[in-house]
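Order of writing sets the chain letters: A, B, C, D, E and F. Residues in each chain are counted from 1.
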Amino acid sequence: MKKHIEKIKILFEALPYIQKFYGKTVVIKYGGNAMVEDELKKSFARDIVLMKYIGINPVIVHGGGPQIKGMLARLGMQSKFVEGIRVTDADTMDVVEMVLGGKINKEIVGLINHFDGRAVGIGGKDGGLIKGKSVKIRGHVMGHAGDVEEINPEVIRSLEDSGFIPVIAPIGGDDGGVSYNINADLAAGHIAAALKAEKLILLSDIKGVMDKNKKLLPNLSVSEAKSLIKKKVATEGMVPKLNCCIEAVGNGVGSAHIIDGRVEHAVLLEVFTDAGIGTVIKQKKGK
Amino acid sequence: MKKHIEKIKILFEALPYIQKFYGKTVVIKYGGNAMVEDELKKSFARDIVLMKYIGINPVIVHGGGPQIKGMLARLGMQSKFVEGIRVTDADTMDVVEMVLGGKINKEIVGLINHFDGRAVGIGGKDGGLIKGKSVKIRGHVMGHAGDVEEINPEVIRSLEDSGFIPVIAPIGGDDGGVSYNINADLAAGHIAAALKAEKLILLSDIKGVMDKNKKLLPNLSVSEAKSLIKKKVATEGMVPKLNCCIEAVGNGVGSAHIIDGRVEHAVLLEVFTDAGIGTVIKQKKGK
Amino acid sequence: MKKHIEKIKILFEALPYIQKFYGKTVVIKYGGNAMVEDELKKSFARDIVLMKYIGINPVIVHGGGPQIKGMLARLGMQSKFVEGIRVTDADTMDVVEMVLGGKINKEIVGLINHFDGRAVGIGGKDGGLIKGKSVKIRGHVMGHAGDVEEINPEVIRSLEDSGFIPVIAPIGGDDGGVSYNINADLAAGHIAAALKAEKLILLSDIKGVMDKNKKLLPNLSVSEAKSLIKKKVATEGMVPKLNCCIEAVGNGVGSAHIIDGRVEHAVLLEVFTDAGIGTVIKQKKGK
Amino acid sequence: MKKHIEKIKILFEALPYIQKFYGKTVVIKYGGNAMVEDELKKSFARDIVLMKYIGINPVIVHGGGPQIKGMLARLGMQSKFVEGIRVTDADTMDVVEMVLGGKINKEIVGLINHFDGRAVGIGGKDGGLIKGKSVKIRGHVMGHAGDVEEINPEVIRSLEDSGFIPVIAPIGGDDGGVSYNINADLAAGHIAAALKAEKLILLSDIKGVMDKNKKLLPNLSVSEAKSLIKKKVATEGMVPKLNCCIEAVGNGVGSAHIIDGRVEHAVLLEVFTDAGIGTVIKQKKGK
Amino acid sequence: MKKHIEKIKILFEALPYIQKFYGKTVVIKYGGNAMVEDELKKSFARDIVLMKYIGINPVIVHGGGPQIKGMLARLGMQSKFVEGIRVTDADTMDVVEMVLGGKINKEIVGLINHFDGRAVGIGGKDGGLIKGKSVKIRGHVMGHAGDVEEINPEVIRSLEDSGFIPVIAPIGGDDGGVSYNINADLAAGHIAAALKAEKLILLSDIKGVMDKNKKLLPNLSVSEAKSLIKKKVATEGMVPKLNCCIEAVGNGVGSAHIIDGRVEHAVLLEVFTDAGIGTVIKQKKGK
Amino acid sequence: MKKHIEKIKILFEALPYIQKFYGKTVVIKYGGNAMVEDELKKSFARDIVLMKYIGINPVIVHGGGPQIKGMLARLGMQSKFVEGIRVTDADTMDVVEMVLGGKINKEIVGLINHFDGRAVGIGGKDGGLIKGKSVKIRGHVMGHAGDVEEINPEVIRSLEDSGFIPVIAPIGGDDGGVSYNINADLAAGHIAAALKAEKLILLSDIKGVMDKNKKLLPNLSVSEAKSLIKKKVATEGMVPKLNCCIEAVGNGVGSAHIIDGRVEHAVLLEVFTDAGIGTVIKQKKGK
């Protein structure tokens, strides 16, 4: 009995957070190890189901780089990268769509449903959710590597109204029927802004944003984040993540978080603890 | 002007059919050449968009055999068949999910949206739409080749309520998270029954059901259809299609149609002409 | 079969127009020969039913001058006109109400319903739809000849919400219970403005607006239309129609059209062809 | 002040009746002197408005015999009657439609709206409300004199949902577009049955049903009413009224009333006094 | 019969008032003799039920001074007053809550329900309706005597949406769980303002506001009311009532009334007569 | 961090229970020490708030015996009991209403709201929730001691639809306006049955139902419960509780629980642990 009471007391430590985020939308970019290791996958799916049941509306946007790389290798196809972005020709785009939309997206759906959530997986072309456009980098035409032109969140609203959890593959389309491979962080940021989400959470294989001494910065204002980029303290991989957070917060998202997906229950730790984990970026400093 | 008036008169020939099917649901199994040849693909997508705009609710269930075969070949994987059904091992199932759910499903969505429809592509695991189970054939364990255990159409209703056109990849899931490769005709039949659809249309590369003299039978009652199977007049490939139509009609679907997808605008020809095309199966004879 | 396919191709020529006007309101002033000749009557009713089924909301406002004249003659009553407007005494007003509201209105309803539309005929006094006031012309008291004081479109909205097609006799009423005989073009223009309609279509026995050489002007900006009146190029009968179009467009109606009701399917020809027929008046030039 | 208090006490005598009929539908056949004499017309209109404001849903079905007769006379047309029913040829039907639907219907609407009610006048062809059929009497073809084939009350529900008071001219239509002149009592009875009304009130120029000694029978069971007909106690004019009441009560109407429209506020007297006025017919005896 | 007709004519004298206040909210402070004498209690309850049935939404806020005093005396507890406000210690507050919320509130509910109304009694702590704060008067800490910090009218809206009549005991609460005894006039004024009520009616044992010659002032503008306070014409007891009316009218309430609850049917007399009773305060003069 | 992860793991132990009871109604009889001791009161209020936030709909019915006794003593009033039921005269009933409805009910509301719940306190007379009748025991007239005649749960549904937590004082009323003091267990049982609740929980100062050796019986079928009464194993105080559970389960309540309110978080322990606490009564044995 005593043990049970102890556990119930711990339940109550969650109550203020439940009340704080009740009815709010949280957009989560899901990627990295959290999408690969079995225990982390399960812990993530359970985090999402728990969030839904206690009144939070999670929206998941996932990546899939390693799996795409694996399939390209199996098919004997090679990729060229410019500034970290894959030059995506038509054949590669096909593989991207299959792996992201057919395999990974449905795996996540299956995992969430296995824990009695009710997920529905869609891509950015469904219901015109993500209108994409091609990206150019210093003159290089990047093929199907795309940017977000516009978000039309109606299909997300429709699924949420029926109690489903949307799981989104970041593939955009344009009016001409061309597909675009869009960076998952970027897509998540735009979707969070379109939904005026309470939180944008980027789940990656890093502890968060580091200062020049490699010490974690738990807490950044938008202007501090900009300064880190300007002063080149932020690493090459971190710069797009920071920019994505800066834009989301600038477009009405409550706070943006860069957290470590290698930690079990990373999402819930962020939502349900005062200190949070990783780095939070807000208009003004403070969790 | 005269030309314009001529055209408008033709519009009116469609009016009685528009009135007849207004607000009704039509489930279409999409496959074969109609899904391969460019002109047929476009004509199909435009048929669907037109249907939606004139008040019919189309639901599309697609196959993808040839494309799956192609990808398996590229990956150097081989398939075994038992009674026309692919023995689907786990690796093959992966490829099936990627090709059906990631590539074909989204291609159809893209095509429909290109003609200003508003399609949303999902698979049978999304929202628990198709609960699958494994199939056994004369003792052979068929791996992930599956049958339909139960249809939960809530996600379709939710999409239709928001004006979207559902496009469905026939992949089922069970509570344990296992995926099943389900024959598209079979899935379409079960979904039509769950939705109490007005029509089930199976689009294939055949003219319809033939009698023993290879003459088209435009019109069958359920008992005639059963008799064709019993008397082995129906060919091996036709038997499962006929069974699927018989079951659908027996479970509340208004009529079931086996039509030739190689004909341009085959779906509209079926819906918008008195004679229809191909073969219709109803409880009692008569279109 | 070929013939059928030809016809379906023609159906598709209508699709872009269906998409363009989907869910929009079109107010049509119905009068002249289109309301007299049997073939034209049928073609009009079918146009309306087709529009409704493909997602357009038609609202019909009808005139009835010749029929009123006929009944007055049968009853041995004479009319005086001032500037083309009937000086309507109380006895004449009675006849106007009977002919417009009792005979013509219900004939139109019957015709539409005969083609499986669901029309409901009302007059401007019903639900306080048209609040009228008396009109004075250069000192002449015009009796019950009236102008529009205010439109209260609630009864139209209520009928449309239930899927009915409103057919309106242009008879206004005031708080004192007095009835007013209102010009149908005028009533249609005010109703279109109150509904923020996409189109106002005035159906008459003229080809459209002519220039000084009696050549059709297919396309007018509001300022060009005003200039035609000012320069007295517009004929006496055309001036009130032009003014009505100018006012409607100035109050939020997308475009106003003066078209020839003697052409079969004139309404559909206007809606479903690029060139349209007759004359269109818009804020700025262009169809 | 005292006077005011007296008046308020009288208001309270109405309260139990208000509570009893709150939210209920009362179908009223309006005709006879109540539709002719100025004071009675006003008293009727105010009765209806008061009923609506205190939560009752009145539905009015009106006749118009004398006015039709007057117009026929003005036009030099003669009528033949068979068993009290006008043999209605096509020309006569035209006059009936004009007078009933154009003049009387809108007069009633105007009167009610004058007292700040919100009436909408329709005929039986509007929204397919009354499907009619022709009536034959002992071999005589009665022309457009019609009977009720079916009631489709959707248009009434739609108007009531928006707070309007429906005023109905009893003209039916069939699928072929033929109009029928239907007896107002008969139409009211069928409409009351279709609406499962609480009360059907037939307003006429008689005190109610009399016994053989010409004494008012305030209270009849259905079987007593039938017996009055069988024993030929009921007069020729009363028989169809009684039959109409018997049928209405037999089809779910709470009670049917034959009351004297020559009494000011006859409708309210019936609804708001214990004894009621005229004759009530119920399944079993008792008000 | 004549008598009945007379009565119905009187019903109609109420109709213009019914139309004027249809769907409007009227907040009534209920107190004084009207809450003590048996006949007045019944007359009040019936007034409220009648109002509800004819489409007005009454909201009742009640006092209870004498009953509280009585219970305090029975319990041998004494009260201190500062400027007419009870210095409410914790023990006294307990008694206030019991008497107001437990006894008086439910008596009113019972009375209304006895006359077939559907009342629901709540206090200001229910649903956070009245957020209170403590009041200080010239340095004196007044204990639990409270002022209104904020009104959250959601619970009232919820009850009204289901057709209930809210009866409110004016006890506020703060976030710390402290209860406040709030003057009923004050609470009624704030609730009326939060609901943007059509009328605020203060029912007391006075005829209304008097001028310096003790003559009733039936009609005051806000600036006249302010002037009466400034010039000390208003008595000590009247000043807070006037202030409460001035504030309510200043915050969007249509009119505020100080009327004599010792008159039977005082509330209905105010609502249903032109002259009204007592004193009305409006932004600008005139009933 | 480790500590946080530990805590989140405990959160997940609650997930299956959250899923099981999501959207279900749980009626709780609140009384005894849980309503007296400060820590227990807080733990109860927090249990209720947590339940509401995770999707369960709690409905609270409270007693108040000791507080009533205290007030009666303070007022020098004495009570007579017959078979454990207070013979409630009119004066006593007054005190009961004040203490239950005015003090205890609002204290519970205040406590729940203090923890950011949104409670609304009502009594059984509000909205006609509990229709009561007087109880007779072996010829003794019990005064206002009452039984439940009928439950009308509309007011509970209305509050729940707006997200409020209903807190109910078990005081019934009849049409004549008489109040009844109803045993809280009894009221809770009837309310649970009327709501078809998932659970009825009786919170008391006992461990549960004991066998003849005073050992807790964790698990009873309805027939076993009946047998305990018949064989007089159940103590006098337990018999009415058991009867109340038997009736509730017999009328559609999922399970009934008699649990020990002296244990902190007793309600959550019952809902969120497999074994539960106290005794559960179900149609057939098993938790």
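The rule we apply is simple: contacts are C-beta pairs under 8 Å (C-beta built on N, C-alpha and C of every residue); 3 or more make two chains touch, one makes a residue touch a chain.
This is a predicted model, so every value here is computed, not measured.
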_Remotest chain, chain F as reference, centres from CA atoms_ = C
*Pick from A-B, A-F or E-F: which interface has over half of its contact pairs in common with B-C?*
A-F
*Inter-chain centre distance, chain D versus chain F - centres from mean C-alpha coordinates, in Å*: 55
*Mind checking the centre-to-centre distance between chain C and chain D? Centres are C-alpha means, answer in whole Å.*
35
*Express in whole angstrom the distance between the two chain centres, defined as the mean CA positions of chain C and chain F.*
68
*Name the shape of the chain contact graph, picking from line, ring, star, complete and other.*
ring
_Ring of chains, enumerated from chain B in the sense that reaches chain C first_ = B, C, D, E, F, A
*Okay, in this complex, where on chain C does chain D touch?*
71, 74-75, 94, 97-103, 105-106, 109-111, 113-114, 118-123, 125-128, 154-155, 157-159, 161-162, 164, 171, 173, 175-177, 179
*asked:* Taking the touch rule as given, give the residues of chain C at its contact with chain B in the complex, in rising order.
replied: 1, 4-5, 7-15, 18-19, 22, 46, 49-50, 53-55, 115-116, 263-265, 268-269, 272-273, 277
